[in-house]
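Alright, structures below, take your time with them.
Two complexes follow with chain A in common, the first pairing it with chain B and the second with chain C.
Coming up: the complex of A and B.
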């Protein structure tokens, strides 16, 4: 996967998480994932189709998702209810929108799907045709992994 | 001891959400994200505005505008929504009421749609993530405050 695909998502995740959470965000080391790997409990997925195709997943534990949703709503949410889900979905929307703006500026043209939110235990994601790069982002609320699998359209 | 009465006019201003007669500006919030609708509502009500209704998509927004008109002063309109998007809802509301004041709420990357909305009659736009100061500035400028 070309590195210019992932950088806009990493920058956007850093910018948006810093802005909405208000604390320091630390960028971890980028790593390449194997063809199958577990996701942490809450995963917001956005699909891309156009000059490039693939998907981006924002992956975090339920505990982290609850803390982020509570911080963004400025109230302590007690369960991962519709409001908490809408909040994490909107977070994925904002990060993706900012990243896509940068990719459009680089000349790539593609459309996005609305975010889909997956929650549950023992989930695994498999990408057999596109390799995925993962950048962990550490926030005061916990770790969010930006998992990007994009390839040039065949 | 210095008391507040010694400085009656300092740090006291009318909330931006109130009209000259003291009644609140009435806002219809159209957004499919419960989180964004809540955020806009909190920002507006903290400044004295009244959120008269929220709508979950463009079609719902159009129907609620028709029901509420003329008792609605401003609409905040998301762009990407199911059933009817914000651009189509804007067009239909402007056709129904050419004096409607609509502010578009957009994520980054929707510049072409924002330009289209402004050409179709939207009065201003706000880019997410929502910043309280930015939201209040844009809305009060549309209401001529």
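Coming up: the complex of A and C.
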């Protein structure tokens, strides 16, 4: 993945998560993962198109998703209902949008697709011929992994 | 056949002489007798098609040694087998135009020619006089012997032709299995027979893998061997093993290619330039695997700019070290490094430090990428992978080299580290010029 793309995503994830969750956010060690990877339980996916092609996945466990949704709505949610789903989707949208804005300032042009939310057990996501950058974020509500797999259009 | 065997058989024969004569009187079994290395053998006549004399068989490559070749028997092509070789009996060196005695046998609709020393005659016996083979028979494998027959004071070994020929396929299989076993054994043997020095080298090899993630394979074993001798001599008497990371680093200190982590000197750049093929292509793609902090990529960009002034150069620079590559796009150059080669391509930034011009920067695409994962790159004119393969394990190395083979254009060139080389006989041609070694496809 192009070096210039990394920081905007890391910064955006850090900024947005600190802002909406209000606690201390710790960034884990960045690493690369080859295409196929298991999903923890809840995954929000945002597609990117333009100068690049690829997608960003925000991956977390159902428990973390519930806690984050509760925190963002300022109320204790009991089940992973439409409100909770919409909240996680919005979180994904916010982070990706901020990253794309930062990239736009650097001269890269790309658009995003509306987020799609996946929930379930034992899920795995495979991308053909793309390796993913994993940005692990540790929050008070649990661990969120930002999984960025984008490549330049050739 | 052993002597004891013969004697006891004869003794038995004398004792029951009358009975034997009576038995032979009923002739219900005929056999063709012949000799191999002076001993008498026989084959059931029902399996013998004919007897012939022939020579100058047509050699067939890649067959078992006992297959002499094929022979044209009145329009039918038959394989010719030398029973002496089949049974591991010593044979005389064959004369070029010698005519051999052939027994043509047919087994399961298949015709074979058997080469023997001398064909004797047809002997009629009683089937009941065939005695089972004694396990002590040494000359030939007992499973090919149908039995032993005594006739007029001579003992014939009756061969089981069906077994011999139907086992040919099996024999080949067994030979293949044996060959595999043998290679396994020879692979292990050196370990046992290793001298102390070699054992020391294997410890160092393990040490490098564990302490420095440096894997010794065909790519770098030559350098490691030389370096180990040097290392051992330098440590005279002291333990030559690598005890910690610092020692592993020291061992590898002379491994790295010239100008690692620095801009190439004008001389080195010129040497690399000499390896680049002539090309009129509008687009030149370069893959810089393991570019580190980016010095190598910038040097390359300048070299390629000079070499192909009219082409659009694209350098895909990868590294899996995030810290190193993060700063590569913003690399600054110290004043004293601005040699005449680089000067035209350097510009002073706002902070007053020198860095490469936008024109050069635009040719390089720095990517945080692990080349052991899938490589989505276009076909390349040049692949530069200095001192990177050695830090991948053997399996990864093979995969990455296979990827190079796939991605490199036919007239393309690969440059490896100064102490690295493509494995021999693996489809790569080696070119040496001015201290730089490059590889191209055969």
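In the analysis below, the second predicted complex is superposed on the first by the 154 of 154 C-alpha atoms of A that agree within 3 Å, B and C clash if a C-alpha of one lies under 4 Å from a C-alpha of the other, contacts with A are read in each partner's own complex, and residues count from 1 in each chain.
The criterion applied here is as follows: a contact is a pair of C-beta atoms (placed from the backbone, for glycine too) under 8 Å apart; a residue touches a chain by one contact, two chains touch by 3 or more.
Please read all numbers here as calculations on a predicted model, not as lab measurements.
Superposition of the two structures on chain A shows chain C fitting alongside chain B with no clash.
When both complexes are overlaid on chain A, the residue A:130 reaches chain C alone and has no touch with chain B.
Residue contacts after overlaying the shared chain place A:153 against neither chain B nor chain C. Once chain A of one complex is fitted onto chain A of the other, the partner contacts of A:16 are limited to chain B, with no touch recorded for chain C. Once the two complexes are overlaid on the shared chain, A:4 sits against chain C while remaining clear of chain B. Of the two partner chains, chain B is the only one touched by A:90; chain C is not.
After superposition on chain A, the vertex angle at the CA centre of chain A, spanning the CA centres of chain B and chain C, is 160 degrees to the nearest 10. In the superposed model, A:72 lies in contact with chain B only, and not with chain C. After superposing both complexes on chain A, the closest C-alpha pair between chain B and chain C lies 25 Å apart. Residues 33-36, 38-39, 80, 107-110, 128-129 of chain B are the ones that touch chain A when the two sit in their complex.
Every residue of chain C that touches chain A in the complex is listed here, in rising order: 320, 322, 325-326, 328-329, 365-370, 372-374, 376, 378. Every residue of chain A that touches chain B in the complex is listed here, in rising order: 16, 19-20, 72-73, 82-83, 86-87, 89-90, 93-94, 97-98, 100-101, 104, 114. Residue ranges on chain A touching chain C, taken from their complex, read 1-4, 6-7, 30, 32-35, 129-131, 133, 151-152, 154.
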